[in-house]
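For clarity, chains are labelled A, B, C and D in written order, and residue numbers in each chain start from 1.
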Amino acid sequence: MSEPAIELKGISKAFGPVQANKDISIRVMPGTIHGIIGENGAGKSTLMSILYGFYKADKGEIYIAGTKTSIPDSQAAIAAGIGMVFQHFKLVQNFTVLENVILGAEDGALLGPSLTKARKELTALAAEYELNVDPDAVIQDIGVGMQQRVEILKALYRQADILILDEPTGVLTPAEADQLFRILHRLKDEGKTIILITHKLREIMEATDTVSVMRRGEMTATVKTSETSPEHLAELMVGRKVLLRVDKKPAQPGEKVLEVENLKVVDSKGVVRVKGISFEVRAGEILGIAGVAGNGQSELLEVLGGMRTGTGTIRVNGQEIDLSGKHSDARSRRERGIAHVPEDRQREGLIMDFKAWENIAFGYHDDVKYQSGLLMNNTAIRKDAEGKIERFDVRPANCDLEAKSFSGGNQQKIVLAREIERDPDLLLVGQPTRGVDIGAIEFIHQQIVALRDKGKAILLVSVELEEILSLSDRVAVIFDGQLMGERLPAETDEKELGLMMAGMTSEPDGPVHKAVEAQLAHVHGKAP
Amino acid sequence: DLGGKFDKSFNEAAYNGATRWAEETGNSFAEVELQSDAQREQALRRFAEAGSNPIVMAGFAFGNALGEVAGDYPDTSFVIIDMVVDAPNVRSVVFNEHEGSYLVGYMAAQTSKTNTVGFIGGMDIPLIRKFACGYAQGAKAANPDTTVISNMTGTTGAAWNDPVKGGELTRAQISQGADVVYAAAGGTGIGVLQTAADEGILSIGVDSNQNYLHPGKVLTSMQKRVDNAVYNAMMDGPGLETGLLVMGLGNDGVGYTLDEHNEALISDEMKATVDAVAEKIVAGEIEVHDYMSDETCPSLTF
Amino acid sequence: MEQLPKWADLVVVPLVGLIMAFVLSMLMVLVTGHDPIQALKLMVSGALGSTYGWGYTLYYATNFIFTGLAVAVAFHASLFNIGGEGQAAIGGLGVALVCLFIPWPHWTIALLAASASAAVFGALWALIPAYLQAKRGSHIVITTIMFNFIAASLLNYVLVNQLRPRGSMDPATAKFPEATHLPSLGDMLGAVGIPFAKGTPANVSLFVALAACVFVYYLIWRTRLGYQLRAFGKSQPAAVYAGINPVKITIITMMISGALAGLMAINNVMGEAERLILGSVEGAGFIGIAVALMGRSHPIGILFAALLFGALYQGGAELGLWTSIPRELVIVIQALVILFTGALDNMVRLMVAKVLIRPKRAEA
Amino acid sequence: MEYLTVLQILDSGLRLATPLLFACLAGLFSERAGIFDIGLEGKMLISAFFSAATAFSTGSVWLGLLAGIASSLVLSGIHGLASITFRGNQLISGVAINFLASGLTVLIGLSWFKLGGQTPALQGNARFQSIDLPLADSLSGVPILGPLYSEVLSGHTFLVYIALLCVPLTWYILFRTRFGLRLRAVGENPAAVDTAGVSVVGLRYAAVAICGVLCGLAGAYLATGLGASFVKEMTAGRGFIALAALIFAKWRPWYALYATMLFGLLEAISNRYPSLDLGIVTLPSQFMQALPYILTVVILAGFVGKATPPRAGGEPYVKER
C-alpha cells in the first residue's frame, strides 16, 4: 500500500475561545476521492484552510507524499501541489475569468504574454475536463456554477495534483453538480487526489472512496464509503438518528392566499428577468419552484417580498398589493401578512454585526410590541428573542452573540424563527438549507411543514431538487423567467424536472420524455 | 494676528519693533501668537494680571476683546493697532494705509508701460479694501487712463498663506497687461513678489520693507511702520499717553521705501514727483479718500 | 491576537497610548531646546490645574463634542461627513440672525431659539449633499468638502457686505444684545456657591452639549430610527429586505449630523464671541473627525476625546503665553495623540497584552 | 473672450492642476490597493518643506526633490504601519498625518531658519526652471495650434511634464503589468490574492510607498516648481481637493487627469475673472471664488453619478477574528 498523498498529524487550531480543530489526524490516499462531513462549525473548513496555508495551525504536522512539509502560507501549499476551492469563492468580482486564473501565477512582469499563454492553456484544460468557461467573461456577470469552474481551473492551472473542494455543490443545480462530479472522476482517473467537503450524504455515497466524519472540532471516524450507509454517517455526524426523508401528511389546500397574474420584472440593467408568469398558492400547501439559479426565481421572490418592483397583478387573500408604488416596499408586505426568508441570509436576512436578539426584530422593528413610547423596548425584544432561539434550538443559545459568529445552519434558524413565528399567512422561502448540515436541515424542514399544517401558504424556491420534491405539495418549474409547467411530486421525478429546468416542456412518456432519458443517460455517462 | 508672525509683513513688523526695543533697552517682553479667537481676551487678561505693561496688540481682531478687558485693568496701558477702542487706558494706533497705498499706486502708474497695474489682496475685508482703494486712486491720479486690476486670494484662512495661488493671480494679471502688482496678502504676497520677479515685471511689497526679497525686481514697499508703533509704545512704557494716534504720511507712519535694492528703479524725477505728492497729501491739498469713511471707493469697485 | 479584559481595553490601552504620545512630544520639546518637564507641568496645570484652566478646556471641549457627535452619527449610517466645518459656520449664521434681529426678553428663550436656528441652518447645509448622495449617488465626501468652501465664501460675503456694522474694520457682526448673552460656567457655578473662575468662555452650552451626548446615545441605540440607521450602515441590501428606505435614512441622518455640527455655534458664537466673526469655526469641524474616530463613534468616547483635545488646546495656549515654545508643537502633540490612541491602538494593545497576559500564562 | 485669454487660462489651469494630479494619482495607487488615504495633504506639505529646505541649503533642487520624496515616504511608512501592519483605522491615521505634517514643518522650519517656519527664497539651481519644448518659438507662428503648443504646453517646469507622463504610466502599470493586476486585486478582494499565494501586506506597502513618492513630487512642485520657498500650510487644502478629484475620477488614471484639469481650469477661470459684471448685477468676488466648488457639485450631480470605490477599501485585511 502506497504512501498517503496527505497525512495530517495532531492538527489543533483555536480561534480565540473557539477550539475549531482538536488534535486531528487524517490520511488521504493518492488517486482517491476522500469525503469529509460534519455539522456546521465542526471544523471542516478550518482544517482544510490549514492544509492550504490560509490559517496557521497551533499544533500539528503536515506530510505531503510522505515528506514532512511546513505550509506557512498558500504559496507553500501551491508549491506542494495543493489547490483549494473555498466554500466562499476567492475571486475578484470585477476581473475577467482569465485575470482571475493567472492572478499570482503570472509569468513575467508584463501581463500580455501571461494572458496569451493562459488563454491557450485554459482552452486546453477546458477541453480536457469539460470545464467550459468564457475566458473574457467578468466574474460578477457569471453564475456560481461557472465561478466554481473558474476556481477549479485556477487550481489546475497551478498544476495542483491535490484538490480540496469545500461544499462545492452547495450552490449548484443537479445538472451542474452531476457535471462537477464527472469532472472530479476524470481528475481522479488522471491520478489526482481529491478532498471533498459536503453536507450531502448522497454525494458522499456516489462520489467518494473514503469518508471522514468531524464533530465539534474532532475527527470522530474514517470509513470506506462502500462499507457504510447514509443513515450510519448521519448518526456519526450528529450523534443521534436523523430522518433523512421528510415525513408529512398529504396537504389539505384551502382558500387562495397568493394569486399572481402575468407578473413581469425588469432588473436595474433593463433585462427582463420574469416574463409574465401566473400561479397561485393556497392555504395549507407548499408550492415549490424549481429552476436553475438565475432563471428569475430570485427576482420573483424579491418582488413578492417587496425588495424590487414589478408589473402585473398580485393578490394576497383576495386583496391586490402594490407592485411599484410607495407601498411596494418590504415593510408594507409584512403588514399584509407576508413573511420572507431570503435566499442570501448573510447579505440580506441578517445584519451580521448585530447581536442575535437585535436580528430577531429585524424587519419587524416597527412592531408595536417592540416599542415603549419613543424608544425601542429592548427588554421586550430580548425576551422575545430568547423564546424564539430556544424554540428553534439555535446553538449556541446565546442572544448576545453577533450573527456572524453562528454557523450557517444556526444563522438560518435565527431567520426562520423570526419569520415563521410571525405566523404569516404567506411564507416566502428561498434556499432554506443552503450550506446547512443535515441535522439542521431536518429541523428546518419540519418547521416549514409544521407551518403548512397550520393552514398557511408557503412558496418555496430552491435549486435543490431533492428538497423541492420532498417538501412541496405542488412543483412548478421556472426557466428563463417563465413557468414551464406544474407537476405533482408523486407523478414526476428528478429527470423530468431536470429537463423542464433545461427548458423542455414534456408530457410524461411523450416523445420528448424519451429523448430526455436518452440525454440524461448520456449525461451520467452510462448506457441507457 | 492669526496670520502668524514672520508673514514677512504685518506681524513680523510688530515683532521686529518689540525686539528692537528689547535689544536697545535690554528689557524683555512676553509675546504670544494666537490659535483661536477665544484666546485674545485670555491673553490680554493673563498678561495684564502678570503685570505686563504696556500690552501691545497688533490687529483689528483684538478690538472686541480689548473692549471687554480694558475696563478691568485701569492701571494697565493697552495699545491696539489698526483699530479704535475708546477707553481711558487704551492707545489706538491707526494707519493711513490709503495714503501710503496712494503713493505706491502713483509710482506704479508712473512706472507702468502698459497703463495697467494690479492689486492682489488676501481676503475681501475692509482693511484690504482700504489698501486697494488708496492704491487705485494713486494710480488714476498719476495717469487717468490706468486700469487697475484687483484680485482677492480667498475666503478661508488659507488665503493668507497661499503663495502658489498668489503666483497664479499674478500671472493672470500679467496676462491682462499688468506690469506692476501690489500685494497686500501676508504670506500669499511672497508668491506674488516671486512670480513678478520671475515674469520680469515689478511688484510692490507691503507693511515691512520687502524690497530686499528680490533686489531690482520690487519697485518699492508700502511700509506701514507697525514696528515704530510697537517700539514707541514700549518706549513710552507704562502710563503712555492714550487716545487715538493716527500714523500717516505726516508722521512717517506710512510711506514708500527707497533703498539700495530699488534705487535703480526709481529715477530722481520720479522720486521728486512722488515726494511732491506726499507733501500735498500731508498739506491736505490732495485729499485721499479713505474707504472706511463711507465704504465706497471712487476709483475701484469691489 | 490575545483577548484583553474589557477594562484593560477601555482604560489601560488608551492611557498607555496617551503616555507614549506625550513621551515622544516631550522628547521633541527637549530637541527644540526647551525644558520638557516644565512644559508638561505648564500644559497639565494650565489645562486642568485651576478652574480657570477648566473654563477654557471645557469651552473647547464643548465645540468638539458637537462636531464629534455630528461625525459619529453619520458614521453609524456609514456616511463620512467631512462637512462639519461648513455646517458649523452656517449654524453660526443662524445664531447671528436670531440674536441680532429679534429682541429677546431673556437669554433662556434666546438660547432655545438660537439653538433651533443653528440646528436648522446646519441641517439645511447638510441637506443638499445628503440629497445628492441619496438620489444621484454623488459621493458625500466630495460634496461636503465642496460645501465647506462654499460656506466660507458665503460667510465672507455676508459678513463683509451685509452684517458688518458700517465703518467697522472687523469683518464681523455687531455685538449681540445684552439679553442674548449666555451665563458663563463661572456665573452659574458661582450662583450655586461653587467657586469657579469668572471670565472664562465655558458657558451654559456645555450642558446643551452633554444633553446632545445623551440624545445621540438614545437616538442611535434606543430608537427605531437609530436601529434602522445602524442596519443601513451595516448592510444596504439587508436594509432594503427589512423595508428601510435608503433615501429617507441617508437624508435624515445627514440632517441630524448637520444639525449637531450647527449647534456648535451656540457655544463659540453666542456663548463666547457674542458676535459672528469670520472663520469662527477655527477647524473644530475637522477636529470633530478625529474626536469621533477616537471616541469610536460612541458619545462617552467622544466626551473623553473632546475633553482631551480641549485640554490640549488650553494647555497649548498656556505654553504659548509663558514659554517661547511655538504653538505648532501643540499641533504635533495632537497628531501624536491621535496616532497612538487612534491609529496605532492595536500596536499599544499588543504591548499591553504582552505585559498583562504573559504573567497570567506563567501562573497557569 | 479672445484666444489669448483662453490660452492663458489653459496655461494657468495646467499649472494649478499639476499638484492635484500628482496627489490624485498618489491616492489612486493607495486606494486601488484598499488603503484609504486622507493624509495626502500632510504628505504634500512635509515634502514641500523638506524639498525647499534641502534645495536651499544644498543649492540643488534635485537633492531637494529627493529629500521631499523621502520625507513623504516616511509619513507613508507611518500610515502603512498603522493601517497595514497594525490594522488600525485608516481614516484616523490619515488625520494624524495631516496634523503631524502641519506641526512638524513649522517646528523644524523655526529651528532651522528662524523665519517663522518659512524657508528662504530659492534662487537659480535651487528651484526648477521652466523648460521650453523644442520648436516652441518657431511653431508659435502656426495659427491656433502654434500658440497652443508654445503658450500652453511649452514653458512649464520639469515636474509638470512628469505629472503628465505619470498618467499613461499609471494606466500602464495598473492594467498592463503583473504588479498592477495584483494591486487592483488586493483592493477588491485581498483573500483572493492571499489564497493565490501573493503577500497582501507586501502589495499594500508597495502601493502606499508609491503614494508617498507621488505626494512627494506634488509637494516639491509646490515649493520648488510653482513657488520658490516653503510657506506654512502652503498646500492650502489641495490634498482634499485631490481626494475629491480621485472620487470624481472613479479611481481611474485618465479620468484623474480630466478631473484635476477641470479643477485647475475652474480655479484659473475664477482667478481670471475676480468678479463678473453681468450688466444687471455684478457677481461678488466671493461668488467667483466659490464657483469652482459649486460647479464641481453641479457636474458631479449632473453627469458623473455614482462612483463605487474598491470593494476592500478602508478595511484592514483580517483573516481570523
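Rule of thumb we're sticking to: contacts are C-beta pairs under 8 Å (C-beta built on N, C-alpha and C of every residue); 3 or more make two chains touch, one makes a residue touch a chain.
Bear in mind the structure is a predicted one, so any value in this text is a computation, not a measurement.
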item: Any chain that touches subunit D and subunit C; value: A, B
item: Euclidean distance of C-alpha centroids - subunit A vs subunit D, Å; value: 47
item: For subunit A paired with subunit B, centre-to-centre distance based on mean C-alpha positions, whole Å; value: 76
item: Cα-centroid distance, subunit B relative to subunit D, in whole angstrom; value: 34
item: Residue numbers of subunit B (touch at least two other chains); value: 124, 155-156
item: Overlap residues in subunit D, where contacts from two or more other chains coincide; value: 117, 237, 284, 286, 289-290
item: Subunit C residues counted as touching two or more neighbouring chains; value: 149, 153, 156, 160, 326, 330
item: All chain pairs that touch each other; value: A-C, A-D, B-C, B-D, C-D
item: Interfacial residue positions of subunit A with respect to subunit C in the complex; value: 16-17, 305-307, 329-334, 340, 342, 344, 347-354, 358, 361-363, 365-366, 371, 374-376, 378
item: List of subunit C residues in touch with subunit D within their complex; value: 28, 32-33, 80, 82, 128, 132, 136-139, 141-143, 145-147, 149-150, 153-154, 156-157, 160-161, 286, 289-290, 293-294, 326, 328-336, 338-339, 342-347, 350
item: Interfacial residue positions of subunit A with respect to subunit D in the complex; value: 15-16, 52, 54-55, 73-75, 77-79, 84, 86, 90-95, 99-100, 102-106, 108-112, 114, 154
item: Residues on subunit B engaged by subunit D in the complex (per definition of touch); value: 4-8, 12, 124, 149-152, 154-156, 158, 161-165, 167-169, 171-172, 175-176, 187, 190-191, 194, 198, 213-214, 301-302
item: Interfacial residue positions of subunit C with respect to subunit A in the complex; value: 3, 218, 222-224, 227-228, 230-231, 234-235, 237-238, 240-245
